[in-house]
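After this come two complexes, each holding chain A, first together with chain B and then together with chain C.
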Partner chain A sequence: MAPSSTSSEGASDEWLPPSRRPELADVVPVTQDDGPHPVVAIAYRDEFREVMDYFRALYFAGERSVRALHLTAEVIDLNPGNYTVWHFRRLVLEALDADLREEMDFVDRIAECNPKNYQIWHHKRWLAEKLGPDIANKEHEFTRKILSMDAKNYHAWSHRQWVLQALGGWETELQYCNQLLEEDVFNNSAWNQRYLVITSSPLLGGLAAMRDSEVDYTVGAILANPQNESPWRYLKGLYKGENNLLMADERISDVCLKVLKHDSTCVFALSLLLDLLQIGLQPSDELKGTIEAIKNSDPEADEAVDADLATAICSILQRCDPLRINYWSWYRTTISSQT
Partner chain B sequence: MAEPEQPEFARERHVLFLEAMASELPADYASQEVNHLTLAYFAVAGLSLLRELDSVNKDQIAKWILSFQVHPKTDNELDNGQFYGFCGSRTTQFPSTNMKDPCHNGSHLASTYSALAILKIVGYDLANIDNKVLLSSMRNLQQPDGRYAF
Partner chain C sequence: MVRRLSVRSPRLQRARRPPPSAPPTTAPMDPPSPPPPPPYPPAAAEGGPAADSQAAELPRLTVTQVEQMKVEAKVGEIYRVLFGNAPNANSLMLELWREQHVEYLTRGLKHLGPSFHVLDANRPWLCYWIIHALALLDEIPDDVEDDIVDFLSRCQDKDGGYGGGPGQLPHLATTYAAVNTLVTIGSERALSSVNRDNLYKFMLRMKDTSGAFRMHDGGEIDVRASYTAISVASLVNILDGELAKGVGNYITRCQTYEGGIAGEPYAEAHGGYTFCGLATMILLNEVDKLDLASLIGWVAFRQGVECGFQGRTNKLVDGCYSFWQGAALALTQKLMTVVDEQLKSSYSSKRPPGDDACGTSSSTEAAYYAKFGFDFIEKSNQIGPLFHNIALQQYILLCAQVLDGGLRDKPGKNRDHYHSCYCLSGLSVSQYSAMVDSDACPLPQHVLGPYSNLLEPIHPLYNVVLDKYHTAYEFFSS
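What follows is the complex of A and B.
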């Protein structure tokens, strides 16, 4: 497909090589110097080679002009990863005092076809910084579109988080997280974003103010899918640096107990219980009984009956989390050395 | 031809493919031009893994790689905050004397790795590389939090 040219007004116009354009008649193209013996040479197509030769001429001359702007658009179409061209384009945009909203539309069209191109996202940030908070919602719409096609696109998430913190648009962000998690409760990126919103939104009052309702939300997600690691990690995150609160909240040990009654091999519940006990949780009789029953269900168990609860949980974890058997074995030795 | 019971590694086809790539890349790779040295690394390192480096001209490769190196003009330039390594491609290696206002020297950390790896693979004596310049200027790429800019 021939590259499109932003200098062409008619959509039906055929692509015209730079050498045949009147507005570039005075430009002497500069060929690429590959040296006498190029290795792994790239077999450029004629149009690629010619557009680059004309770009090179304007670039060497440092020409900040409308025709340079148009030519950089063509080069970017051909090779969006060429960061030298993007850099030069920014110089031209500044020199021309160009309409940066139009530029954002231009770059968004390219970004939709190249959603993981570093240079494009870098250019978008540069533009957004200049355009200011007025552009925040439009940027959120854009990342929303990209994330609807690829829920994990790191560039889109990174841009979204930067726009929130630098330009705003927090008003609807928690609702956006709710929507994403309703669509896919396993979307760890959405859980990560939710954490950013809860902790950083200037509209919500911070983690302490939101913790109670967030715990309820998270416990619900855990009970719906106990094998989903994301809400377990999110739950611990809600108490980051507040171990006493984590231990004191009965909902935490309760959800572990509920899960283990249905699935005694749930590693997340077991390891969270272990954390709680290490913090100083006084286990209820019901909890003790549940752990004892799980431990005794292993016919190969050779543990003394009077082993403490944390040690018993470590033994269970060694059995049902074999990937980390060495870690749990080590962990158990640290418990033994404490008593 | 009888269907082999076990899939076999198509060694000869890999060798031919990598030899072709080491000589010339098809036009579709133009969009990866800024990563030219990385493309070269995959071709040369692949041939090396297959013990087929005799099919390439090692001296030519070494000369080509060395032509991408960026040198500070004076020792004072080492203090200008830039990295003096290897460019990743001709496009990012615009000679500053030709330009009206050069922005940076085009050195690229990942491409520098590719360049050094290729030089070692083809048997170039790395003692000829000014590693002092490489290492001291590489520090300029380190961010306050420890990460590296490329």
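What follows is the complex of A and C.
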């Protein structure tokens, strides 16, 4: 089996510059070709400069060796964003037929210190692809760990999604989403993950089978925190491409009306009602009455009493959501274009 | 001496004072003057999110809520100073500190400290962030242009594309940064230094079977890679059917249930990827595959009470999204005919937008694609700003500017070149977003603070200053 991919023995020793290491004695360092008048010139420290010069020598020579592997680890430690080094390391790992499980342990230690680095997560995906389904659980544990420190880490979520789709592990994913949303119902990444699970898990039967229970769950989340945008978007997402079903489900307009009874300026509720009317919902008397009451509560209202309901809601939104006054003005033009 | 192809037209000269007392005749479609920014809500209670006596009664606040309240408190303090000031003090606060920014940027162009070693694989990006920001301020120093061209030539790979530094593997992101830098310099020497034949071959090698692009040989695939490839190919006029094949379908799959675009299919909608995906679809002439009304709604809701944009739902405001999200909405202002068509068809049938798309054009000629970027910017805005352009300028000027120069993510963060570039780009987009006639100058009421705050206009599809784009377009069309 190939030698260890971890740092060489004697890690506790004083750091020895490459130029003084016997195993690199034959290497001629290659300086960076910055030209006579470098721009965005970085004042490299001696250690960084020297390690890079030795790396370039091995990289340009295409030397896929144990010492090259060690040197790439050192460069990565200095600058984990150097994608060239990661690429070369993968070539060396393949040439040496290295133990990729050990490599995953190596990269996980680096990832914990650099959780938002594209190159590290890409390396993990490459490794996981080669290691196969056996490593799915370990990868899920790792992303759980990263997400426990930063619940919205985009790279960790992308990796988790890829592992699910490529290697499996769906059994506990909905429960994981439940746990995260219980901890922070404002965690939009967890809502997005929930959408993936509901729509794509091979164990759940798909969106059509899950929609009813998911609507109940989402309505509950909305009522608990009406100012939380995530469940409002999720709720509409449950009916993506299914306008007729969205209109037919009375729970949708009901939750809007419930919220507006307590907060007549809830933009999300007004906006969803507006969308429902746009796709053809026939408004109930209760809906008409609620909107009329909100409209009349504004002493400066200048709308004609016979303005249609959607236009009235747009006017209300322009008043109570001034940051988006331009957007609501545009939305209003799309109403008149339907008439 | 290098002959400069760029000749500045008079209308683009930076104004140092408001236009003459008789401003240009208001176009019939000129939008009304925007209202003042919304009043800022009361800050979170001093000393913590909730008083002790209330803790027993209220549900426990989540991490998201706590972090959001902290930011709102910081921003609220700044705005209360503004609203409490006498008018002349406000004009100082609302000034764009040009000299300080130019000094910060120019210094970085020449010399960066040891801590920048973590960006050693991103030096073309540093060139772009700095040069583009200076171009927006109309302050590119003459003495470094040739040095930059020389440096980027050393980053150019013999087989095409640009690496993150000399001798590094070619990478689509640093290729975008390098080409945009060269276009921004705009000299014949700069533009002719791009090896387009090899660049084309490099891009073809990065194509994946999914239609999307890999960032580099064996690298990651995402919407950024597609944008950087298609944007560069369009800009230097090498975009053809081979490079375009399948990209539109890949990006369509990345639009999420929220309406924004994610980095990969099923990932979370994100401002950076939304801009990249939307711009790519426009450059491919396939924007009708996206559900545009849904996208517009999602982006519009990313502007929050701080007046700036957040990148994702329930994430914190960040000055760089002034460009990523602001430019996305600015782009859609030129797409209203497509949006209207989509809305009509979606309301009258069960099929969602995009399912009826005809697919990729059968044409493979490069010239066919190059004109989409050109024609797009010539189009008038069909509607006023879809975001609150004055509020956004307020966030950038008051919260993102750093007193010593440079711009930042949010109050409490450090300045950096990336945020300087994208905050200023967002400021430019915002200042020009109310214009209907693309040849006019913005009216003073659309420029927050003194009119001298007005930046150079950009081509929002590429994020290159507009007159530099035109120079490049002419150069690469011949």
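As a convention for this text, the second predicted complex is superposed on the first by the 312 of 339 C-alpha atoms of A that agree within 3 Å, B and C clash if a C-alpha of one lies under 4 Å from a C-alpha of the other, contacts with A are read in each partner's own complex, and residues count from 1 in each chain.
The rule is simple: a contact is a pair of C-beta atoms (placed from the backbone, for glycine too) under 8 Å apart; a residue touches a chain by one contact, two chains touch by 3 or more.
Because the structure is a prediction, the values reported are computed rather than measured.
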Specify the outcome, clash or fit, for chain B and chain C once both structures are aligned onto chain A.
clash
Which of the two partners, first being chain B and second being chain C, lies in contact with A:Gly81: first, second, both, or neither?
both
Which chain, chain B or chain C, is in touch with more residues of chain A?
C
Is A:His37 contacted by the first partner chain B, the second partner chain C, both or neither?
both
Touch test for A:Gly62: chain B only (first), chain C only (second), both, or neither?
first
Could you name the one stretch of chain C listed in 135-143, 315-323, 441-449 or 459-467 that collides with chain B in the superposition?
135-143
Of the residues on chain A, which ones does chain B touch that chain C also touches?
32-35, 37-45, 48, 52, 56, 59-60, 78-84, 87
Complex contact set, residues of chain A against chain B:
32-35, 37-45, 48, 52, 56, 59-62, 78-84, 87
Which chain B residues qualify as touching chain A in the complex?
21-27, 29-36, 39-40, 43, 56-57, 60-61, 63-64, 67, 90-92, 94, 98-101, 103, 106
Chain A to chain C touching residues, read off their complex
30, 32-45, 48, 52, 56, 59-60, 78-84, 87, 90, 118, 121-122, 125-126, 151-152, 154, 157-158, 161-162, 165, 183-189, 192, 195-196, 200, 224, 228-230, 233-234, 236-238, 240-244, 271, 278-280, 322-327, 329-330, 333-334, 337-338
Contacts from chain C onto chain A in the complex sit at residues 31, 34-35, 38, 59, 62-65, 108-114, 116-123, 126-127, 130, 144, 147-148, 150-151, 154, 163-169, 171, 215-220, 256-259, 263-264, 266-270, 293, 296-298, 300-301, 303-305, 307, 312-315, 339-340, 343-344, 346-347, 350-352, 355, 383-389, 391
